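In the two complexes that follow, subunit A is the common piece, with subunit B as its partner first and subunit C second.
On to the complex of A and B.
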């Protein structure tokens, strides 16, 4: 009994419940003879798609800003990058790189100013962030309408003014990462390039945590007064964390979009921070402490749950039950995590 | 029992916090109309005693207390603040518990409002009753008049001078019909001198009205001036019950401090400061705005290679000195280190110039609680001295191997009891946490180490180890140690000289073997006034 208790404490309730739920769903999927290799392929793709957006939470948490609910800031930067590369008719990897090259400095600048703003309202970052995210999405709606893009791929077909709600990437960067070195193993389509890119981003963030800057940023985030007494410029470190988080948000949406095949503009980024926040919390992170393993575990659990739940519930129940389940899990887990100071794993 | 002789009797009151005995058989008797003084150093047990008297939850959630509290000769033993209020015990707080936006009357009558019926209350119950402002105003007027206050009872509290706020608090207490005993906790600490005089007159007046008064203060002259009897507490024991007529400031000061000093430190020779000595630190007219520990114009010289103790009562500013030198709170004035000016308000510059700091707030400022011992030890040196860095392709990585080795050395050298360098500092005991803090400071190779309250909240064994360690650093490495502590005995056991801070200024510097009287007088700010005895 004692060892069971320890086990529960170590794994944490969120991970245990979601994990258990996922396990039950998987067994049901097998019993309902839903093709398992297809599901696994889907899970892998979705991990790669969403992983970097989840990873974007890491620098913000480490710098002491908490969960970055203003992820849409980075996302719109990424979208602008993609739009520009389409405008210039760039395709394949060239298109992807130019997208990144445009998006990253843009995200850095936006992150800098957002970080400045957060330094003036310490202690309320998450509330402020949520509304900054909402406001930016709305403000960008005007931008999408007025932006001087000319490519017929981007603007409304009839009338010809303002960007479309969804822009197809078919002729530009659609699935460049997904299909890179992709292979089929026992019926499972493995998106090698996508996973490698996600892995690379994780590695870079992990590596950054081991550098002097990373260690100092972490210290500034975990105890502001300690950091001040150690001669660390806390505000500067917080800005650094926000910049990194915004950049990862930009990269994240580019990777997401190329896999999805469409750019989604206007109101689409409105709630984009919520799944990422939920995933990292399920992974075992808290608003103070996070590890790269939390990103990977959390993305896996959250995305796998969605992938498996969809076909199972569609057979068992009518309508879009899986969307309902996703909402309950996502918002429930955010609520749960915000009521606790520490995450699932304390070790 | 017939008519009780005493209004309040505390009989044999004892209290321990998890085995640590903070009160030992305290007896206090107060008659109606008596002003009774209660004095003692910080940690002597005054606040615990007051918490017991008020039935504060902190007492009952930690196992209650032994002994009895008698009111009018009957055992009362209040179990909650509400009960003690019903018994007629009132308190005027050091920090005013007033609502700024409310008028004086509303504050006086808060939660005891006078109400009258109206149509809705008859239907919906007493919560809907209208406030009888006229009557409340009359009551407040009466209470204010008793205090000789001519101020309009309908003015808002916000914007009143502090002195007036204090009077509003008192008015609130005397407005309670059943008030028998009023406790003042450091009432004059926030008052200007003229206000304080007026205040003392009012206290006298209250006593003449038949209210018993328990007066807690660090200002001994005040105590002598106003009280009838004095109880001196030391280390949780009543060391003396005095009649004020027979007491003087010297006697009380001696009683308050009186402790045996460890004889090991008695052979230190005390030299007067001279101009041409080698001072490592010269503090001129230092002001530090640290909440609760404000330094107001301190001048202090520190000799190279000495252990300087900084003592004084709580709230007088001793803690502010080290925090000011490190630039952790807004500071002005001048600090010279090796005759060079030390930039103020810039912690990084202070650390760069070889000043290290072990904070009094171990868990708040001193440690990354959710990080490992090795990181905690290394991080300051990593930031300030660029130690523990390995360069790979222009990227500065933390050299984990070096960090580990250094941590292992420190663990061995300072005898940090832990499961290994990876253990989180949150899981360590107070003494071992303190050692981690010291280890971090040492990793900076400082020439001056500032140590604040090094033994607060750690057990006796660890205390000795920490103090011995400081002495060792001083002797073997020639480090200048500035130790700030509330425990005078501790300062006297290791320091070469002890500076006493009073009201944010240097009151004087004493040898560790100076007499108890001198220490007591200095801490109470009476040394200069009475002349050296």
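On to the complex of A and C.
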């Protein structure tokens, strides 16, 4: 009994519950004879798609800012980058490259100002961050409507003003990473480039954590007073964390969109922080502590759950069900993290 | 020494005047905004007035339901979504049993109350475990409850939960229809006493009286022992605990009252609208109510019913005029629509920001 308790303690309830749920659904999928290779391929793709957005939580948590609910800030920057590369009719890897080149500095600037703001209201980062994210997304709705883009790919063909609600990437960067070195193994389509890119990003963030500035940032996040006493400029480190998080958010949405095949504008990024937050919490992170392994485990569990749940529930129940399950799991996990005693004082 | 004291005095004086302006800055900005918007929209005065009165009557109750948790120091209760859900369950129940008129509406109030009490108790329990981060927790709790609500209404309704009226269920026998026509209780409260002062203007007096009664009860309630205890808890939990107040229980009571009021508020709102959007009517309740309260000049720690009423008036005024103003200003009514959504989110963000700022200043 004692060892079982230790095991639960070590793995953590979120991982255990979601893992168990996934296990049951997988058995049901097998029993309903849903093609397994297709599911595995989907899971791989969705890990690569969503992984970097989840990874974006890491620098923010490490710098002591908590879960970055203002992820839409980065996402909006990424979308602007993609729009500009489409406007100039760039395709393939050049398109992707230019998108990143435009988006990253933009995200860094936005992150800098957002970090400045957060330093003035320590202890309330998550609540304020959520609404800063919401406000920016709704302000950008007006921007999308008035933005001076001319490419026929971007604006409505007849009638209507402003950018389209969803912009197809078919003629630009659609699946650039997914199809790079992609191969088929026993019926499983492996999106090699996508996974490699995700792995590379994880590696960079991991490596950054080992460098001197990474260690300093971590120290500033884990104990502000101690860090100040040792001569670390905590505010500066927090800004750095927010900048990195925003940049990863921008890269994340670009990778997501190229895999999805569409850019989603207007209200689409409104709740985009929630799945990322939920995924990293499922992975075992808390508001104060995070490891790269949490990102990978969390993204895998959450996305696998969604992928497997869709066909199973479609057969057993209604089509809307998987969306409902997503909502319950995602918000339930965030609630669990917020109500934990060890959750820290960040709100 | 003397000079220092004087300097301090001047500083505090300046602080006080700036505080005074600060307190009214939000409503003033929105009054100006509404004035400009009204001019731009070129709408008829009677039309705007009629719309505003209708909206004021149907939304005030929900906005006022936010006040008690604010006073109890729990911030803006985004969890009123759960109250709205309780109200909607009651309305579906009433419609299913084909009850109508004022008696049907009263039954809806009766059915929603125990539900809301249970929900409120649960919300209170959760929020007590997340002291200091009530707002984000109540918001996520609202999203979570929305998921559970959809699960119940999409899957359990018609299969596990029996329905009398088949029309309410989707033809597959599972799930409630997307929109429910509230034939029985449509405007049941509004129709009790309506006056038409002149052409094009209808004032639902009965609803307004109900809202007025709520304001009176609220004022009275805050003078009772329980109300004073809530104030104390809101000012300083630690002192309240020391002076013998059961803090956790007081906080739960505050949330229960808020949830019950929100349930009734949602019923009043929907009886005016007349149709229930089963999967959407409750989603924006928290957002719009909170934004209304803040526009009236309330903050995360202070709110009165006057602010609630003024805020509801201004917010809905903006709602009515902004599409037309956008159309006339930029040639696109969509801008106005996006603008008002931005205002709703922006004003909440700004209020939270100012609050966090002030809190930090005090430390």
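One rule holds for everything that comes next: the second predicted complex is superposed on the first by the 337 of 347 C-alpha atoms of A that agree within 3 Å, B and C clash if a C-alpha of one lies under 4 Å from a C-alpha of the other, contacts with A are read in each partner's own complex, and residues count from 1 in each chain.
The rule is short, and it goes like this: contacts are C-beta pairs under 8 Å (C-beta built on N, C-alpha and C of every residue); 3 or more make two chains touch, one makes a residue touch a chain.
If you're wondering where the values come from, they're calculated on a predicted model, not measured in any experiment.
Trainee: Could you check whether subunit B and subunit C clash or fit when both are placed on subunit A?
Mentor: Here subunit B and subunit C can both sit on subunit A without a clash.
Trainee: With both complexes superposed on chain A, which partner does A:288 reach: first (subunit B), second (subunit C), both or neither?
Mentor: In the superposition, A:288 contacts subunit B only.
Trainee: What is the angle, as a multiple of 10 degrees, that the CA centres of subunit B and subunit C span when seen from the CA centre of subunit A?
Mentor: 70
Trainee: Of the two partners subunit B and subunit C, which one touches more residues belonging to subunit A?
Mentor: Between subunit B and subunit C, C touches the greater number of residues in subunit A.
Trainee: Mind working out whether A:121 is in touch with subunit B, subunit C, both or neither, as first, second, both or neither?
Mentor: In the superposition, A:121 contacts subunit C only.
Trainee: Can A:339 be said to touch subunit B (first), subunit C (second), both, or neither?
Mentor: In the superposed model, A:339 contacts subunit C only, not subunit B.
Trainee: Going by the contact rule set out at the top, does A:212 touch subunit B (first), subunit C (second), both, or neither?
Mentor: It touches subunit B, and subunit C stays clear.
Trainee: Does the superposition put A:33 against subunit B (first), subunit C (second), both, or neither?
Mentor: Neither partner.
Trainee: Counting only touches as set out at the top, which of subunit B and subunit C does A:225 meet: first, second, both, neither?
Mentor: first
Trainee: Superposed on chain A, how close does subunit B come to subunit C by Cα atoms? Whole Å, please.
Mentor: Checking C-alpha atoms only, subunit B sits 6 Å from subunit C at its nearest point.
Trainee: I'd like to check the shared interface: which positions of subunit A are touched by both subunit B and subunit C across the two complexes?
Mentor: In the superposed arrangement, which is not itself an observed complex, subunit A uses no residue for both subunit B and subunit C.
Trainee: Spell out the residues on subunit A that touch subunit B in their complex, using ranges where they run on.
Mentor: Subunit A residues touching subunit B: 210-216, 218-219, 222-223, 225-226, 228-233, 288-289.
Trainee: Which of the residues in subunit B come into contact with subunit A in the complex?
Mentor: My answer: residues 326, 328, 346-352, 357, 359, 361, 364-371, 375, 379-380, 382-384, 389, 395-398, 400.
Trainee: What residues on subunit C touch subunit A, complex-wise?
Mentor: These residues of subunit C touch subunit A: 126, 129-130, 132-137, 139-141, 143-144, 146-148, 150-151, 154-155, 172, 174-175, 330, 332, 334-335, 338-339, 341-342, 344-346, 348-349, 352-353, 355-357, 359-360.
Trainee: Taking the touch rule as given, give the residues of subunit A at its contact with subunit C in the complex, in rising order.
Mentor: 69, 117, 120-124, 126-128, 130-132, 134-135, 137-139, 141-142, 145-146, 161-162, 274, 317-318, 320-321, 324, 327-328, 330-332, 334-335, 338-339, 341, 343, 345-347
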